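Naming follows writing order (A, B, C, D, E and F), and every chain is counted from residue 1.
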Amino acid sequence: MTDLVTFGETMLRLSPPGNERIESTSAFDVHAAGAESNVAVAANRLGADATWLSKLPDSPLGRRVVGELEQYGIDTEVVWSQTGRQGVYYLETGTSPRGTTVIYDREDAAVTTAEPTEFDAGLIKDAGIFFTSGITPALSETLRETTLTMLKTARNAGTTTAMDVNYREKLWSPAKARETLTTLFPGLDVLVIAARDAETILEYEGDPRQLAHQLGSQYDLETVIVTQGERGALAWHDNVVHDQDAYEAETVNPVGSGDAFTGAFLARRLAGDDVGRALEYGAATAALKRTLPGDVALVTASDVENILSERNVLIDR
Amino acid sequence: MTDLVTFGETMLRLSPPGNERIESTSAFDVHAAGAESNVAVAANRLGADATWLSKLPDSPLGRRVVGELEQYGIDTEVVWSQTGRQGVYYLETGTSPRGTTVIYDREDAAVTTAEPTEFDAGLIKDAGIFFTSGITPALSETLRETTLTMLKTARNAGTTTAMDVNYREKLWSPAKARETLTTLFPGLDVLVIAARDAETILEYEGDPRQLAHQLGSQYDLETVIVTQGERGALAWHDNVVHDQDAYEAETVNPVGSGDAFTGAFLARRLAGDDVGRALEYGAATAALKRTLPGDVALVTASDVENILSERNVLIDR
Amino acid sequence: MTDLVTFGETMLRLSPPGNERIESTSAFDVHAAGAESNVAVAANRLGADATWLSKLPDSPLGRRVVGELEQYGIDTEVVWSQTGRQGVYYLETGTSPRGTTVIYDREDAAVTTAEPTEFDAGLIKDAGIFFTSGITPALSETLRETTLTMLKTARNAGTTTAMDVNYREKLWSPAKARETLTTLFPGLDVLVIAARDAETILEYEGDPRQLAHQLGSQYDLETVIVTQGERGALAWHDNVVHDQDAYEAETVNPVGSGDAFTGAFLARRLAGDDVGRALEYGAATAALKRTLPGDVALVTASDVENILSERNVLIDR
Amino acid sequence: MTDLVTFGETMLRLSPPGNERIESTSAFDVHAAGAESNVAVAANRLGADATWLSKLPDSPLGRRVVGELEQYGIDTEVVWSQTGRQGVYYLETGTSPRGTTVIYDREDAAVTTAEPTEFDAGLIKDAGIFFTSGITPALSETLRETTLTMLKTARNAGTTTAMDVNYREKLWSPAKARETLTTLFPGLDVLVIAARDAETILEYEGDPRQLAHQLGSQYDLETVIVTQGERGALAWHDNVVHDQDAYEAETVNPVGSGDAFTGAFLARRLAGDDVGRALEYGAATAALKRTLPGDVALVTASDVENILSERNVLIDR
Amino acid sequence: MTDLVTFGETMLRLSPPGNERIESTSAFDVHAAGAESNVAVAANRLGADATWLSKLPDSPLGRRVVGELEQYGIDTEVVWSQTGRQGVYYLETGTSPRGTTVIYDREDAAVTTAEPTEFDAGLIKDAGIFFTSGITPALSETLRETTLTMLKTARNAGTTTAMDVNYREKLWSPAKARETLTTLFPGLDVLVIAARDAETILEYEGDPRQLAHQLGSQYDLETVIVTQGERGALAWHDNVVHDQDAYEAETVNPVGSGDAFTGAFLARRLAGDDVGRALEYGAATAALKRTLPGDVALVTASDVENILSERNVLIDR
Amino acid sequence: MTDLVTFGETMLRLSPPGNERIESTSAFDVHAAGAESNVAVAANRLGADATWLSKLPDSPLGRRVVGELEQYGIDTEVVWSQTGRQGVYYLETGTSPRGTTVIYDREDAAVTTAEPTEFDAGLIKDAGIFFTSGITPALSETLRETTLTMLKTARNAGTTTAMDVNYREKLWSPAKARETLTTLFPGLDVLVIAARDAETILEYEGDPRQLAHQLGSQYDLETVIVTQGERGALAWHDNVVHDQDAYEAETVNPVGSGDAFTGAFLARRLAGDDVGRALEYGAATAALKRTLPGDVALVTASDVENILSERNVLIDR
């Protein structure tokens, strides 16, 4: 039995070194990157057995993705496809006032044709938590259906279901995202949503605590987490709201810190921690992720616990 | 007036450093690469004014391609598209017995929607030579039509038309290539074909001299060049066959040497050289290309002429 | 007709990676760098057709410079010289309290022998603006004369003349700079001067607004811009002073931000913007330049306009 | 059940880039490298489920090793040790007449304390083949005992036992190696030995076919393979000797080609191939390994089969 | 005669590029690093003739260390050992809240067997100052004895003796450090101690000024320096306490800044500066060190003096 | 007393990585390179104490040169100049038929003003051998005089004088070289000359043995060495000619192999070897140099002796 099963697309991230522009770069650094594999890695690092499900082209590019994820310690269950592309995204790292920008090149990726019957449903049924993000149903009509089916499979088997909204404006409009995602919310136990995404797609402009309460009630959720970037996060659970400040970090790469938060939170919940304690782990793991160049939280539990115990050492020698 | 106008797709070539495998690389070197821009660069290096026509996405990736081509000194006339991808190919450099392999990721590239009306026909009409390769019509039905129209525009205006067959088995079947290309051959003045492509798509298995003669007669061509890799090349012209040995080269990267050959040959023909002399330039430029890491013949006329005059110096200091 | 013609030296910039010292580096990154080509690139990026005039050695080093500038999209009109060196400068990037330092190695550069008759005067006469910097006349007696002649050619043809003082203490003394530059000021329409340079070479220690007014009146200028680094800039025009704050930037490389400011300002003036609006473009382009590793403002108009419209996004995906 | 279980040390290989010397390098490339993990990777690539057993320090260095091995697709069962070092070796790549040299820094590695009871014996008992190399018992007295015990465990459970002699003169003397290894030979089913090692440690100077026969008879082995580098290999099995030529290869890095040979041979034997066919796979995999920069055979079955079917393509596009 | 002789271990520092983790890095940057050679380099840069004594393995790794130190300009007197390892440490550079961490791999280093008789005592006797750090006696019992003997040799010859406590918790316990070091303190003229080390090993929790006074009196020292990181340093000398603020620095790499401080202080004392002036040089050199990627203060006297004279220039051109 | 003193210019060698062209490179590798320092390094590696005399600009560039030479183990006696440039050369590494090319940028180098009185004549007088190359007098009229004076100083003091002709066609014409060098030959004991240089500047076209004899007699030399690249070398000494084949080498970088030959030959002569044995060392060291990326023979005596004893090992482990 696996503690956590996640499902979604993982792309190759191609990024110019340092602060070079895509327009003039002579090289790209290569990483495997995707919200659901990021969540699996973070959870695994915090002690959960984690498996990532996906569909990839049967090519060196697809194997490149799986190799990197296995390197990070998670298990992978991949449908190897003879058709469909390997999704790619180009990441240009800016500093203020030049933002970090992303060019997606993920259309017709193999994963967009993934159907539930291609995967071993037993993996989802036996898991403690099944997780996917709001990106997955945005990728194709097929994936919308697959996501819905997998969530149902999980719930029927007693597996906790979790989703991070992760709105991407380069993938779909707010209206389309709202329409699709709100059909999925009723099947969820745990919902993670950024306050800015709630504003954009749900047109919610009020207090985040109120937002969490409202979403929890409306969709009969067990836990609602509202993240607010540097202002921290809060979790609504059993009608109680838990607040969590963000840990300050000198940021090397912010991409993936939300996934690190969610993965660590879920891992600690699986390990039996209460919501408040799990939030602390989530926040500390997110802060550590910000100090790392890739998109994944390549941390250890003791790295995280050093932060929680405020045992910060500038140089440990 | 431009001496040479070429039309076709130029991709981003992503290649792992050295002999690394795609499956395990942590970086890709980036180059702009395409048969028709390669031909334009080689021709420009040998003294011709060369312009490359194409259609690219209006994005940092498309600008990355144009920037590199401009760096090499050619002119570019690009239709900037709001739709369509930037074509990419992954190149893994092997040594024997592991071959160099290519993964194309060029479907739905912006260029596949290029129509003749998007370009200034005057550029083609005023050119000395119009060139495209057999890759272009393989990319889409639209490009097949566009190629045909451009060749007609050129011929009607008295512009010499030239094509290199460049068969790519990862793009289309031999039968489909034959069907399409043989409808284009009657509109050509100059045809370049590798002996192995003649074997594959024309099912021609005889003597290359005979092949040249036969193609020239059948399609009423002015010049037919048959290339045979390390065994050199020959040109049929005015019913005479000119033989040309290949120059020996210690190969750093063989990709693009055929384009270097063709570009140099066309440039020297434009400059008034006879076919035999132009062949020598072609062969020497192809040999130099093999000593260079990118796909383009970043040479000077005097580099080439040193080879022709057998003035080889191991270290020039 | 070109909108903007600039004239001056562009060097190869050799810089150790990261914060390495020249004394112990094992590699140099290579860039083409020069005030006037920087201005041309920034102007081109903001919509102006820009041509850079210069003289370079007919060597791979000279071609290296031109190739990079063409890559950035500007036109180049270069006199290829059989004598004279390629100017080089070594740049060591420090952090406080170790300053960034420059070692010039530009004596006897080919450009120091450039005479007006070597260039097509028509390019200057047909331009909207002719620009050079105060560095050019510092490089040789010949260049002092050439600069004077070109400014006269421009003015006589109705081309707006512009200069950025750009005082370099490693090239000449304040007294020598003042003597030379003040003979050129009367031929200018637009003068850009850093407040600290006014202090150093003009021994002006008062209010920058007063400085602008005084210079404008004394030399009968149309526009005077006084830049003050992080404190912004101001422009005196039609007897009115326009103030412009600097945009905050997380600096990757400050070199070239002044040139970016000037190039963007001139481009927007050419496009018909009033002085105040052009100043905003200048300031925003300068801020973006600071986020880029090279010396040129490799930006797009929309990058700049996002800043002007305060549409800053941390991660755009 | 795993098809192949291997046991041994895997080190970090630190190698200067290209042909730099250790004495003056400013960087090391990092790879995980060890005979037994190399064998596991090659076997896995040819279709076997392969698991590598070892003991590593519980540190980022130990995790670095496991991460890379997992990336290559094998399973790892590691005892994480709170004491003992991570073994390291420095590899300097020479060209003739400067040989490639190795500096071992593997004393007191955690693995030298590995005892049989630390591992799950079931993994060995359930495996098709258990493999270790002659390096393992050279590393410590404890490992000599552990190797002996594991071989007994395997044999008693009906698991085929295999060993590659892999003599390392920097680890022990020929006499000591002979004394130790010949006590292990009687427990083996498959013995792989280089002809030069037989000469060095067994003082055998005759015909390799005779050597294979003699070793097979003396130690009651099922299969004896004698490798002879570029002259190929032979296998004695059922009293028949099978000869296998080496495939020619343009060598990028020869290290690990013997392990690739053995891994592929064992995988194909597990898959039911006869000895002659398995030898062909071994030889082709060894040739491919030589074209790769790391120590492992990062190949696919189809890469190997292309060689066996003589379908060599210079550029596959 | 040498001005300064230092004695201690210098290791190879292996560090992943940028902020990569050891666990996933594909390369290590290589530097020679050790407290006593760092001190020698800093002193040499500030004008002292400095010689570093040590014992290294007679291997490319040992020569790698000496080569780099000679590159920095100091003299080296090395006993080349046929046994013993080259000490190594792995450095992972973090940003807050992920600390910079060090993994030592220095056990059984050749230097741990260094005995006084292996070195030319004349070098120590003729020196102005003999320096070692508290790390040296922590490395082996032999080195504890050797340190004691060398300090005696120095003192008897009238050479000033100096030590920096440099407590390393990964090498020994506070109690063991206290026991060993306090036996050495009576042989010292100059003692440098970080306030945090005094707290850890001497369990001193009071005012640093009081600490300096107390240590000076108790052990009959000539000079006591207490360093307090960003809060600066103080020196007790002739019963007077001199305070020195730290210079602000934008830190690239903090490792080695304490050694830079000590080396510069000693060099300026040797040159005749009073304690207060020497402290200023120490603080300025430490600040410059923080701007450099390696562990050594690769500065010039004029770099330091620019800071002392507050002649800071952002870009010097 | 130093065994060998050499005098000449050492430049910074800037070379694009791999086989990149200067025209399109984005980086240069940096090395210190000069015939006389190369000779000193090779001699030092073979056991001689070697000191290199020169004059360099007092700048980070000049210190970069000295730092690298000290790293290689030689002593340096440098006159630090406040005027004059640091000589630079750009090296582009070709493969056949594209030659390796060099662009010198060494005019007005500080060394061109070096006068004998700036150096400690005692160093030359006390040396066993004084060496310079034919490049030195080619660099300036001053250096021609300085070379002559130094040779006289050496000879008068009984120091053996040696010169390698090293004709550089990019520095001077054959006629000018002949005129200058033949005035220096009478002051020499040992003359090294490439057969091709004898052909070019002495217009000698006959047998190399005869050449050696003729030069020895004409100029009253003690030893004449004629080198013939891959065909080996010969030495005329005491009226006997010693032949030496070249050792075959897989060449990584041929630059500097002649200097390696000369340095090793001189070192072994200083150590008392006869001419034949010293030639063997020279040839073996030259072959090793060819396997190294830089210009210097970073070898050990045992590396060389392994070749002499034909103890070649492909992989030493």
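The rule is short, and it goes like this: contacts are C-beta pairs under 8 Å (C-beta built on N, C-alpha and C of every residue); 3 or more make two chains touch, one makes a residue touch a chain.
As the structure is a prediction and not an experimental result, all values here were calculated from the model.
Shared contacts of chain C and chain E, meaning chains that touch the two of them, come down to A, F. Both chain D and chain F derive from one sequence, and where they touch, under half of the residue numbers involved are common to the two copies.
Per the C-alpha superposition, chain D sits rotated 180 degrees relative to chain E, a value rounded to a multiple of 5. Two chain pairs are in question, A-D and A-E; the one with more C-beta pairs in contact is A-E. Chain E and chain F, compared by their mean Cα positions, are separated by 40 Å. Taking each chain's centre as the average of its CA atoms, chain B and chain F sit 46 Å apart. Note: centroid distance chain A to chain F, computed from Cα atoms, is 62 Å. Taken residue by residue, chain B touches two or more other chains at 21, 23-24, 26, 67, 71-72, whereas all remaining positions touch fewer.
All chain pairs in contact, by the document's touch criterion: A-B, A-C, A-D, A-E, B-C, B-D, B-F, C-E, C-F, D-E, D-F, E-F. In the complex of the two chains, the chain B residues touching chain C come out as 67-68, 70-73.
Put simply, chain C touches chain E in their complex at residues 18-21, 23-24, 94-102, 104, 168-170, 254-255. Listing the residues of chain F that touch chain D in their complex gives 71-72, 247-252, 284, 287-288, 291-294, 298, 303, 306-307, 312-317.
Remark: chain E residues 14, 21-30, 59-61, 63-64, 67, 85-86, 88, 90, 92, 103, 105, 107-108 touch chain D in the complex.
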